[in-house]
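Following this message is one structure expressed as C-alpha cells.
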Amino acid sequence: MTQTVIWTVAILAVLGFLLALILFWVARRFKVEEDPRIDEVEKVMPGANCGGCGFAGCRAFADSAVKAANMDNHYCPVGGDEVMQKVASILGFTVTAKAPQVAVVRCNGSCANRPVVNDYDGAASCRVKAALYSGDTLCSFGCLGCGDCVAACQFGALSMDPETGLPVVDAQKCTACGACVKACPRHIIELRNEGPRGMREVVRCVNKDKGPVARKACAAACIGCGLCMKTCQHGAITVADNLAYIDYTKCKLCRECEAVCPTGAIHGVNFPRELDKEAVKKRIADRKNKEAANG
Amino acid sequence: MEYFLIIISAIFVNNILLAQFLGICPFLGVSGKLSTATGMSGAVCFVITLATVVTYLLNQYLLVPLGLTFLQTISFILVIAALVQMVEIILKKISPSLYQALGIFLPLITTNCAVLGVAITVVTKDFSFGGAAPHMLNLGQATVYAVATSLGYGLAMILFAGLREHLAGCDVPKAFKGLPIALITVGIMALAFLGFSGIV
Amino acid sequence: MDNKKYIVSPSPHIHADISTTSVMRDVIIALSPAAVVAILVYGWAELLVLLVSIVSCVLLEWAVTRWMMKRPSTVGDLSAVVTGLLLALNLPSAIPLWIVFIGAVVAICVAKLPFGGIGQNVFNPAITGRVFLLVSFPAQMTNWTPTPGFVPVPDAVSGATPLSLLKEALKGGSTIPQFLASNDFSMSSLLWDIGASAGELSAGALLIGFIYLLIRRVVKPWIPLSILGTMALISVVFHTVNPDIYTGPVFNIMTGGTLLGAFFMATDYVTSPMNVWGGVIFGVGIGLIDMMIRYFGAYPEGMSFAILLMNCTVPLLNRWFHQKKYGRT
Amino acid sequence: MSKWHFVTDGFVKNNPTFVLVLGMCPTLATTTSAINGLEMGLATMFVLILSNIVISLIAPKVPDKVRIPVYITVIATFVTVLQLLMQAYTPAAYETLGLFIPLIVVNCIVLGRAEGFANKHGVGESALDGIGVGLGFTASLTVIGLVREILGSGSAFGWKFISGDGILAFVMAPGAFLVLGFLMVLFNKYLAKK
Amino acid sequence: MMAAASTLKNMVLCLTLVCLICAAVVGVAYAVTKEPIDAAAQAKTTASIARVLPESDATPQEGSVRVGGTDYKYYKVDGAGYAIISTTSGFGGLLSLMVGVAEDGTVHNTTVLSHSETPGLGAKCTTDGNFISQFQGFNPAEKTLAVKKDGGDLDAITASTITSRAYALAVSNAVDVFHQLKQGGQDDE
Amino acid sequence: MGKVTFSRGGIHPRDCKYARECAIEELPLPKTVYVSMVQHLGAPAKPLVAPGDSVKVGQVIAEPGGFISAFIHSPVSGTVKGIAPRKNLAGDPVMHVEIAVEGDEWDPAIDRSGDLVTDIPDDKALILGRIKACGVVGLGGATFPTHVKLSPPPGKVADCLIINGSECEPFLTSDYRIMIERPKEVVVGAAIMQKVLDGCHCVIGIEENKPEAIAAIRAAVAELGYPDIRVQVLRKRYPQGGEKQLIDAVLHRQVGSGGLPIDVGAVVQNVTTSFAVYEAVQKNKPLISNILTVTGDKIPAKLQHNYLFRIGVPLSFVMEQAGGIPDTAAKIVSGGPMMGKAVSNLDATTVKGTAAVLYLSEAATRRQKESHCIRCGKCADACPMGLEPFLLNRLYKAADLEALEKNAAQDCIECGCCLYSCPAHIPLLDHIRQAKGQVMGVIRARAAAAKAAAEAKKQ
C-alpha cells in the first residue's frame, strides 16, 4: 500500500519534471517576437471591426498604429477621443481631441414636399436606382428612399421614416463611423460636429438646380437665393451651384438664416425652443437699419 | 481486414463527434470558416495520434506493471497538455497564419475531450471487429484507431464548416442565428450518420 | 404629356413565364401518377397518410412563418406541398397518423424553417423527416402490411418489404437462393414490390413523372443517372463475385426507395449541387453509400441516408465545382 | 457588497451550457435521462468547486509557461479522487457516466473557470463561482436530460408515463443536438434578455 | 497579481512541486478508497450471482475455463450451480452477461453486466421484462436457445433482433461452458 | 452550312416581332429638335455652333471630344436657339443644341439621290476619313465610333468582318426592315468595311426567324458579286447578337475576359451601321437619321411603325406621330425589352442609337415579388458568359469584391438572361451590374497603379 503511494508520487514527480524541462527547451528553441503592444492596443479598441477608421478592422488598425510615427492618420470614430487617448498612452503619443461628430441627412424631400412622378420597379437599392436614372421625383439630387444607408449602419442608428420616406439618424446610437456617408450614392449624408448639446443648423437640401427647377421638384428645396448668406454675420454660409451650405465650424447657432429662408430649407435641431421667426426677422431688420444708419 | 474495419468504424459508424460526443466544443467553435476548420482538424489529428501512442506506451510499460492504472487520467492529461503546448509553440514559429486562425483554440485542444477520450478508450475498452473475440487493441491497432478517429473528426468538421459557411449567407431567423442552427445542423448530420450503423 | 406614372426599372423588362410556384406545381404533377397508384393499391389508409402529411406540412409552414418567425407566409410557393407529398410517399400506408404528423414537424420545423425557409435549408426536409421517423419508430416504420386497396393486386407479400426480408435472411446466415427457395415468391415478383412504401410501388409511374420533369426542363438527368449508374456498376461487380449474398443491379434499382429518391429527392434544387459535375459526384456518392448500406449495413436500404449524407457535402461541392466560363480556360 | 451574484450568475448570465457553450461533450452524451444529467452535473460541480479554490490559491505563484499543465494537474487530481470515490460509493452512477467522468478533466468549463475566473479572484469568490457555475451546469443538464427523457422514453426522472417507447431519436445522438439547439433558442428568447 | 517569471528554475520547480503534492493526494485517496472499491466490486458480483442463481449459503468460488478458444470467468456456488460470465457482440458493441446455470442444466436467470446497445432499442435487454423472463428456468434440453427468426424459441426485443440474437448466443455459450465444466468436474473427481 | 449558334447559355423569349410587316415610313419634322452631345460611347462632343447661328441639314455642329468620340451634324435646317443642359432619358442633365426647324435645306455636298453606288473608293484613308467625318457610330447598341473600330491597333489583324443581322431581341424590327428594304446598300457597306480591313472575310449573320431578310441579302450578295461575303443563318436564340456570342457562333472563337473582338481577329458591325457606312462613304451623308420601331404588346396594329427619324426629335413627338401612347402601356422602353432603357422622361430626345420605342403592359413588365433563391441553377444555365449569377448576387450582397472578381462579375454583358429566367424573381442583373461596376473600378485602379509604377521605374 505505501509502496503504491510512493510509486505514485515518484512517477508523477518525474513526469512533471521531465515535461517542464522539455517545454522550457521548446519554448526557447521556437521563440517568436511579436510587438506585445498590438495586443494591448487591440484590447482597448471597440472591436466593432466596422472599418470606419479606414483599416480592415480593429486589429489592422492596431497593427498599423503601433508602427506609425504619430497618430495623425489613425483615428477610430467609434471609440472616439476616449479610446484614442488610451491608444496614445499605450504607444506614447499625444492626440489632439476631435469634436464628436454625428451623421446628418441633408434632404427634406418627403413624400409631401416632393411629388412622385414615376413608378420605380427595380431592386430596392439606392445604388441601383441611382445608376439607372435620376429618381422617381423631379429632384435628381435628393434621397432615393431605398435605405442603403440604413443597411450600411451596423449600429442601428438609422431608420427610414415611413411617413416622409427619408432616413432619420438616432444621434444617441450614431458613432460617426461614416459607413452611411459612403453608402449613399447621392452624397446626402454628411458627418458634422455634434454641436453644443447637440444643437445644429443644417441646410436640408442638396439640390443644385436653378431656383425655379428646384422649386418645381420639391417644395422644401434650397433655391440658392442667398438670403441666408447675406443675413449670416459670421460668414458661415456659402452658396455655390444654387445651393447654400453652412460651415458648422463657423456657425454660431444664431438661427437668423433659418428665419429668413423662404422655402424652409434650413433646419435647427435640438434647440430647446421653437424658433420665433417674426422676432428674429425683426431683430435682423433692426440690425440692418442700424447698420444703414451708421454706414 | 480488422484494420479496415477499425477504420470504417472509427470514421463513419462511431464517428467521434457525431456518435461519441467527444471534442464538441472546438467543433462548434472553429467550424465557422472552412480554412480554420481544416487547420484545426489537422492539428487535432496530429495531437490525437501522438498522444494516443505516447499514452499507450506509458500505460502499457509503466502503469499496468506497477498496478497504477488509477493514475491514467492524471498522467495522460499531463502528457497531452505538454504535447499540445509544444505544438502551439512550434506552430507559432512555423506557421503564424495558422496560429492566428486557430487563436484560442490551440490551447483548447488540451481541453478537447477527443484527445483524452481516445487515449483512455484505447487502453480501457475491449474491441471486437469482424467476429473476432473481444480484445484490447495492440499498439498498431491503437495507432490506426487514433488516426482513423481523428480522420472522422476532420471529416465531420470539414463537412460542418462547409455547411456553416453556407448558412452564413442564409436568412436564418434571428433566434436561430449562430449556435442553435449549428446544433440543429449537427443533429441532422448525426441522424444521417446513423445510416452507417451496423456496417461494422 | 399626361400625369400617368410609368414604370421605370433597369433592364430586362420582360420575364419568363416561370415562378417558384410553377416549378413546384410541375413537381406535384410529376408525382401524382405515383400517388394515384399508391392510393389505388393501398386505399383509404394511403389517402389519409397523404392528406395528413401534406396538410400538416402546409399548416405548419404557414403557422410558423406567420406566428413565430413573423415573416410573410411562403405556403403559396407550394414547396411545403411537395415536401408533404414526398414524405407521405416514403411512409408505409399502415403507419399511425400521429407519426406522420411528427414526420411533418421534423421536415418543416427542424429541417426547413430554422434555416430560413425555402431555398436555404441544407438538408432535404422530406428525407430528414423520414429518417427521423425511421430511427425513432423502427417498428412502425418497417411494418409494411398492405392496407386494403381499391384495386386487387396479385402476389401481395405481407409484413415486410422483400428487401427487409432478404436482409434478415442474409444476416441470419442464409444465401439468396436459399431465401428464394424458402419463400414462395420469385425474384421477378419481388420487383412488383407490393409490401413497400407507396412511393416505391410503381417504377412506371415514377418514370412517367420523371420524364415529365425532364420535358418541362424542371430537372436535369445527371444526378439520377449517376446514382443509378453507380448502383448498377457496384451491383454488377459484387453480384458477379458472389451471387449468393449480393443482389444484382436490376433488383437494387427496382426495389426500395431507389427510383423515388433518385428521381425526385436527390434532384431537389435546394439540397443538391448547382453544377453538373458537382451533381455527378453527388450522385455517385449517393449510389456508393446506398449500396454500402444495402450490402453491409443494418438497414435494408439506404437511399434516404445516402441523400441526407450527401446533402452535407453540397456546400463543398458548390465551392469546388464551377461552370465553365466563356473565354476562359 | 453581496457576493450572492457570483452564484446566481451561473444560472443565466454565465450559464455554462447556454451562454458560455462549454462542456458540450458531457452535456450531449450524458443527458439521455434527467437523472443521468443530474449526476453528471453534480460530479462536475464537485471538481469545479475544489479546483476553483485550489487554483485561486496557487495562481500567483505559477509561471506563465506551465500555467496550463499545472492547472490541469490540479484538476486531474480532483477528478481522480472523484473517480475513486464514485467507484467506491456510487458504482452504478460511475458505470452509467462511464468515460465522461475522467473527461471532466478536460471539461472546458472547469479549465475555463480556472483560467477565466479563479486565477483572478480570491478563494471565497472562486468557491462561490464554482458553486454557481456548477449549479448552472447541473440545472442545464438536468433540463436537457428531462426533455430528452420525456420525448425519447416517455418518462421523467425514471417515472414512466406512457407505455411503450418514446421518440427514440431523442435518446440517440441526433436528439441530443436537436434538443440542445432548440433549448438554446428558448433560452435566448426568454431568459437571456435580462 | 503577477505570475512568477517563466525561468527554467521556476517552471521545473513549480510543475514538479505541484505534481508531487497532487500525487500524494491521489495516492492517499487511492489508499483510502481501495477497500471500499474492492468491496463495491465484490458486492456487485455477489449481487449478480445472487440474482442469477438460487439462494445458497455457500461462498462463490472464482474460476476460469477455456471453451472454443475463449476464456470464460465463472463462479461456482456449491449446491446452486454456476454463474458464468459470457460476452458476445451485440449491435453497438460488446454485450456481457452473467448467466446462472443451475446444477440440473437449466438456466436459472441472467443479468447484463455491461452493454453498449442503442438506448430505447437494444438497451431494452436490461429492462424488457418479457424478454428477460424467457430465460428464467429455460431448459436448453427442451427448447432451442435462439430467436424465433432463427428457428429458436425466443421472442426478440421489438426491432432489436441483433441484440436479442447476441443475448441468446451469450446464454447458449454459457450453457456450453456449463457442460464443459460439468464434464471437467467429473473428470476431476 | 447549317444553322449555327453560340456554345453556352441563352434563352428563347417569344418573338413578338409585331411590326415586321410595317414598311419604313419617314417621320415628319417637329418644330424644334434637341441634339444631344452624348450620342456615342466615349467623351461628349464639343459644340461648334452658337445660339443664333443658322444651320443646314448635315452641317457639322459638334466635333469629337476625344479619341473615342464622334462628329455630330445638324439633322434639320434652321436656327440654333440655345446650347444648354437638358434632361436625357434617365433624367440626367446633358448638353443639347436646340435648333428651331426652318424648312429642310440640305448641305449640298450630300448625295440625296436614291441611286445605288457600288464603286468603292480605293483609298482606305479616304474611306475612314469619310466614316469619321460623317460621325458614324455603331447602331447595334453601344454606339461605339465606327472608324475607331475599323482601325485595328498595330499588331492586330482582322481576318473576319461579321455583319450582325441577328436582331435577337423580341419586338425589334428595324434591322429586319433595313435588310429587306435596302439589302444592296447594306452589302455595299459591308464590302466597304471589308476593304478597310484589308480584304478580310465577311460573314453576314442573320437569325433563322427572318427568312425574307436572309433571301434578300443573299440575293444582293449574289447580284453585287463582291468577293468573300457570305450569309450565315443563325439559330434563334437570345443573345445571339451579342458580339462575343456571335463570334463564338460564326467563328468558334471566344474573346478572352477583358479582351476585344479584334484580339481573335474579328470585327463586328451591325447591319444598320453597315447601311450608315454606305451612306457616309458613297453618298457623303452624315449619320443624322436612323430607323426606329414603335411597337409593344397588347397595342393595336395601327400604333406599330418603323420610322426613319431625324436624330434629335423628342420621344414625345415620335409617340404623338405614331398615334399616341396606348392606355395599356405601363412602361415605355427605349430599345428592346431585354437591353433597352426604361424612359422616365418622355421629353428626352432621340439619339443616333435610338432603335425603338416599346410600350409594355403592366402584365408583361411588372416585376414579381422577389423570393428566396431556390438554387435551381436556371440563371447559370441561361448565362451566355458561363457566369453564376446566383453566386454573384450573393457575393455582391456580402460585398466580397475579391470573390466577385474571381467569379468574373466583370465579364457580365448585361444581357439580362439571368433575371429573365429566375423563378424566384431575384433582381440578379440589377445587382450584378453594380458588382461589375465595382470590380471594373478595382481592375482599372490596379491597372492605373501598375502603369504609374512602371513609369516611375522608367524614370
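Chains here go by letter, A, B, C, D, E and F, matching the order in which they are written, and residues are numbered from 1 within each.
Basically, a contact is a pair of C-beta atoms (placed from the backbone, for glycine too) under 8 Å apart; a residue touches a chain by one contact, two chains touch by 3 or more.
Since this is a predicted model, take the numbers as computed values, not measurements.
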Touching chain A and also chain B, the following chains: C, D, E, F
Smallest count of steps, each to a touching chain, taking chain A to chain F: 1
Greatest separation from chain F - chain, by CA centre: E
Chain at maximum distance from chain A, centres defined as averaged CA atoms: E
Interface with more contacting C-beta pairs, comparing D-E to A-E: D-E
Centroid distance [mean C-alpha coordinates] between chain C and chain A, Å: 53
Rounded Å distance between chain C and chain D, as computed from the means of their C-alpha atoms: 41
Intercentroid distance (Cα basis), chain E paired with chain B, Å: 29
Between chain F and chain C, distance of the C-alpha-averaged centres to the nearest whole Å: 49
Numbers and ranges of chain C residues touching at least 2 other chains: 6-10, 110, 116-117, 120, 132, 135, 138, 298
Sequence positions of chain A contacting 2 or more other chains: 4, 8, 11-12, 15-16, 19-20, 23-24, 27, 117-118, 121-123, 128, 131-133, 136
Set of chain E residues in contact with two or more other chains: 6, 11, 14-15, 18-19, 22, 26, 30, 91, 118, 121, 162
Chain pairs in mutual contact under the definition given at the outset: A-B, A-C, A-D, A-E, A-F, B-C, B-D, B-E, B-F, C-D, C-E, C-F, D-E
Contact footprint of chain F on chain A as seen in their complex: 117-118, 121-123, 125, 127-128, 131-136, 140
Contact set on chain E toward chain A in their complex: 6, 8, 11-12, 14-16, 18-20, 22-24, 26-28, 30-31, 34
Complex contact set, residues of chain C against chain B: 69, 71, 110-111, 113-117, 120, 122-123, 128, 131-132, 135, 289, 292-293, 296-299, 302, 304-306, 308-309, 311-316, 318-319
Interfacial residue positions of chain D with respect to chain A in the complex: 65-66, 69, 73
Parts of chain E lying in touch with chain D, wherever the complex brings them together: 1-7, 10-11, 14-15, 18-19, 22, 25-26, 29-30, 32-33, 36-37, 39-41, 44, 114, 118-121
